[in-house]
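Here the chain labels run A, B, C and D in written order, and each chain numbers its own residues starting at 1.
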Amino acid sequence: MDKVKVGIIGAGRIGKIHADNLLRMAEAEVVAISDLFVSEELKRWADARGIAVVTSNSGDIVLHEDIDAVFICSSTDTHVPLIMQAAAAGKHIFCEKPVSMDAAQTKEAIEAVSQAGVKLQIGFNRRFDHNFKRLRELVEQGRVGEPHLIKITSRDPAPPSLEYIKVSGGLFMDMAIHDFDMARYMTGSEVESVFAQGAVLVDPAIGEAGDVDTAITTLTFASGALAVIDNSRRASYGYDQRVEVFGSRGAASADNDYPNTVVVSDGEGVGRDKPLHFFLERYNEAYIEETRIFIDCVRRNLPLPVDGNDGLQAELIALAAKLSIQLNRPVKLNELASMREGV
Amino acid sequence: MDKVKVGIIGAGRIGKIHADNLLRMAEAEVVAISDLFVSEELKRWADARGIAVVTSNSGDIVLHEDIDAVFICSSTDTHVPLIMQAAAAGKHIFCEKPVSMDAAQTKEAIEAVSQAGVKLQIGFNRRFDHNFKRLRELVEQGRVGEPHLIKITSRDPAPPSLEYIKVSGGLFMDMAIHDFDMARYMTGSEVESVFAQGAVLVDPAIGEAGDVDTAITTLTFASGALAVIDNSRRASYGYDQRVEVFGSRGAASADNDYPNTVVVSDGEGVGRDKPLHFFLERYNEAYIEETRIFIDCVRRNLPLPVDGNDGLQAELIALAAKLSIQLNRPVKLNELASMREGV
Amino acid sequence: MDKVKVGIIGAGRIGKIHADNLLRMAEAEVVAISDLFVSEELKRWADARGIAVVTSNSGDIVLHEDIDAVFICSSTDTHVPLIMQAAAAGKHIFCEKPVSMDAAQTKEAIEAVSQAGVKLQIGFNRRFDHNFKRLRELVEQGRVGEPHLIKITSRDPAPPSLEYIKVSGGLFMDMAIHDFDMARYMTGSEVESVFAQGAVLVDPAIGEAGDVDTAITTLTFASGALAVIDNSRRASYGYDQRVEVFGSRGAASADNDYPNTVVVSDGEGVGRDKPLHFFLERYNEAYIEETRIFIDCVRRNLPLPVDGNDGLQAELIALAAKLSIQLNRPVKLNELASMREGV
Amino acid sequence: MDKVKVGIIGAGRIGKIHADNLLRMAEAEVVAISDLFVSEELKRWADARGIAVVTSNSGDIVLHEDIDAVFICSSTDTHVPLIMQAAAAGKHIFCEKPVSMDAAQTKEAIEAVSQAGVKLQIGFNRRFDHNFKRLRELVEQGRVGEPHLIKITSRDPAPPSLEYIKVSGGLFMDMAIHDFDMARYMTGSEVESVFAQGAVLVDPAIGEAGDVDTAITTLTFASGALAVIDNSRRASYGYDQRVEVFGSRGAASADNDYPNTVVVSDGEGVGRDKPLHFFLERYNEAYIEETRIFIDCVRRNLPLPVDGNDGLQAELIALAAKLSIQLNRPVKLNELASMREGV
């Protein structure tokens, strides 16, 4: 394939980011974009970028005969049906996380993808962050020896709107799911059990909406390694995204990125600017990189670095974390199958 | 009291450190030292320092009429009886941690101290570390707002001997107990429940001895705050002792201390020396400071910064952590009373 | 002006970088590119980017009626004649540094630009670096008070070829000229005198070619401030570009940028990757930003942030530095006029 | 020699610091202290430390038959006569810097010491700082290759009193002399020429007193290396003492020391406490170490790490720096002999 022709489903913030990143690649072409509501603004936006088709019908994209690959950036509840349709139409698929909030449905989607022989990449963009990529590289090279413990700090600058929180699937499925994927990525091993403690410390309204805003999750891995993740919906100093790996031979850690290196010293103390504010700033390059790699793998028919099973495993961990809070005990991932009614 | 006259019980490494620190203080005088085995070397050591009495009988110290305060630096099983005797003899007491491995006995000792109206300080030296003291100061001043989450990294450079591990009370009672105290110190709140995950990743022999060498412990506090502590018996890069406090207004963290600030850049990368090697280097000043404050409080009859109850609470958390691993579920501190048989 | 139509003169590395950066801007259009030698590769390169005109004649660009602005990226000896022609043709000009190696010619070029009423920006890209821009911002805001002393570290990873060095104008005119501009930018004041010490420590062949490879230059400013710059043609650890400003109220410093934040700790020590390797990596965004601002100022007829006089002043300092080494004494900038024969 | 018996001449701040440091060493004994004015406070101070002799006559110390070594901590003008007397009396000598402000007298003193066969250590305490010692160690091990350039930042938190400044010998002889020694220590080579630029930016009264408060000094070394030192009498953020060494294979730098490692992040930015405030805090351990080594060398008859010639060389550099400012040109160290009238 010379150029990968792409259709984007969902013209929200992330859909537009992917579109703009694809538009800069000589190997990709954005042919069409769909959104439930096609505004004049969206038409102008697409026009300025030479995107020919703008439609309110995602089917126009999935079934478009010129399109090689679809980017599913619409709401989570649409992911599974769109994956099934796209797979049936023989399109390669890039899908935002989570695939769904129901592991059985996610499995069905993965099965359909597998049957159709198309590719499915999940939007775990942080694997492509320059810091975390370098960290994983060092772990793979054995610089820290066998990984014993992973520590992930993952804190947003401020909570999203309550409306969003209510449909988000909760802190674990919406936010910590990235960290669950990161822990698997760093260890290269599968999670066996999950224990989560949650608290409502940022905003009582989040608690009233049935969610937590602060959490600590402990994971045990098949390899014997442990991981611990702390999440908060609010870090007043900005976006806090750090990972540490402790192993038999040493430790490696990835710190936050900062907008500049300037340090000021005066009579009060020594200071610098806050870390990069939020995911658009911090993961700007990672979004480009994940898209570039997806296009490259589709073009050259290579295996993807993050596939449907990676999406599924992270969802299972998120479901186990929610259940762990309900039951106030560790939950094994293999309990989830038998417990599906209770989830 | 002009000068506090001190007797040291137990002439091991820590007993000698306390002695040397006390000898440098104009306000203290070391009158006697005891050890089960009085070697020629110990006699010479005491002689060079002008310590008049060297005895194998701790009773000679506890009952010595010139002595105002005793430092209990002998093995853990002797702590409670020595505290009881010293209290009965009206001596002020500095006791190394843990007071005992049995919460009921620790309570008895505290009760005896209270009845006798003497002072009891527990050797939680890390509260006096320049970094952690500054961190607590900032938390108290409200610089981070209400504490939401405490993260403690606590890793030793290498495991102690198996002989020691077998009698140590285990990783939680021997090593993590410092971190449990640190979490209480930072939050200023009491622990309600404990969940611990342990693993044997450093040395299988530690597992065979019935202990773990790697652990993650999650604490919940009465204030609603959470804490998470990771421990390892081996950090190949040296002693790793860091604390982070995340609060409603910001975050504060204390990093390790290094032997120097020198950074070398060459064709390979940018590097510096490892952190200070172990507790004697890192907490050298903290040991001096805890002793200085104990002497000062005794002299001026002031309340102590770390008392018997602080010892008891940390022990209860350690017991709960051990139980949590056995039961593979979170354990509430108030379960411990009713469960004493099982502990 | 809706879109600024640009012609590029000189299709070397920097010419192509500017072209690619301009091509990404909706407000600019690259209409033509010239190079003394038009290779097939260059034709393909231009074709892939939709650049219509590829010519070996810079006159085709300067006189092209559709072109609003020219980017002069050819060798230094062509700068002045091209500026004169472009000014005469009413084109706005972006010119790489140095304008020339002869201050009188540079003045003539500036005069021509002024007469023609066109804009001239000099390629001092480092003013647009995120670190140095932030540093200057803080100085302007008075965060360090009145600037007293500027310290600039400026070291390349490895010397260029001897052939290049021979025609480069020497370390001061080729390399340190950026730092001379930086010192003026940081102080907001003009240089009065220059003292330079040079040495040949990296490669004797550089000395045989009549240049130095290591230098320390001290500047005094009209404001009373001092500056000191150290340059080396080789820093084995990579590109070293740092600035410190000390003032009456405090100090501010800008450190290097690194490819990632990952730190590894093991039995040997604590290490991280080297700084970003060279100017293309470190100043990637600065090149984009200087181009963006030039286009914006041309479109909206705004004053430029770096103009011909900035180019002239930096050249004068470089000439004074060379002379200072010859005479082994400080040289005043106002000596240069009367001494022109000697230069 | 079992114990070195010491007499202290001059009971100012630094004399008392040396006394207290010596009192903690088993291998030293402080026998006597002298001061021009023997106050009641000084008598009490000496009494509390068991120092038997307190006298206003320095001769009582120099000629005291029990004394093996004298610490000369009195005003600079007394150094040379006291060294001559002490040498004649066969005492080993520790003398604060500078030996004198007249190189010829310093040479005489060194000659007398040499004739008498006693030891003379100069109080360049910074060589014993843990950071600079480690830096020198790495340079000696060849970690940065051949040293090309040394950069020293040396800034005091606030100027001393004008009275002090007037008799201090000026910024170069009083303050920068430490940095001149540091540059020699780091390169292991001798200075050939000096160029200094000075300014009065901190306090005009310092200028009226005939001194500068801000300076940049460039040194060239016999090895071909260059060094540059910046000094200021005021750094509002505290004591700023840093050294960088750039060499053929890499670079190494020593940063300031901080009172703690705590970092606070909030909505404003990321901050930490200022560096250690001044020399007593920063060089506390270095003072102990220089004393310990002097005592050790005297006891075991070993060569001293910093001797009279080190004192002389640093003085010559300071004299050359002063002259360089007067003449506004670089001054060679070997010019000083012939120019003595002019100095």
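Throughout what follows, a residue touches a chain if its C-beta (ideal position, glycine included) is under 8 Å from a C-beta of that chain, and two chains touch if they have at least 3 such contacts.
On a predicted model such as this, the values are computed, not experimentally measured, just so you know.
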| item | value |
| --- | --- |
| Identity of the chain that, by mean CA position, is farthest from chain A | D |
| Which of A-C and B-C has more C-beta contact pairs | A-C |
| Centroid distance [mean C-alpha coordinates] between chain D and chain C, Å | 42 |
| Separation of chain A from chain C, taking each centre as the mean of its C-alpha atoms, in whole Å | 41 |
| Euclidean distance of C-alpha centroids - chain B vs chain C, Å | 59 |
| Chain A: positions in contact with at least two other chains | 235-237, 249-251, 265-267, 273 |
| Sites on chain A touched by chain B in the complex | 145-146, 148-149, 151, 153, 155, 195, 197, 199, 201-202, 214, 216, 218, 220, 224-226, 228, 230, 232, 234-237, 240, 246, 248-251, 328-330 |
| Contact footprint of chain A on chain D as seen in their complex | 235-238, 265-275 |
| In the complex, chain A residues that touch chain C | 24, 26, 48, 130-131, 133-135, 138, 143-144, 249-257, 259-267, 273 |
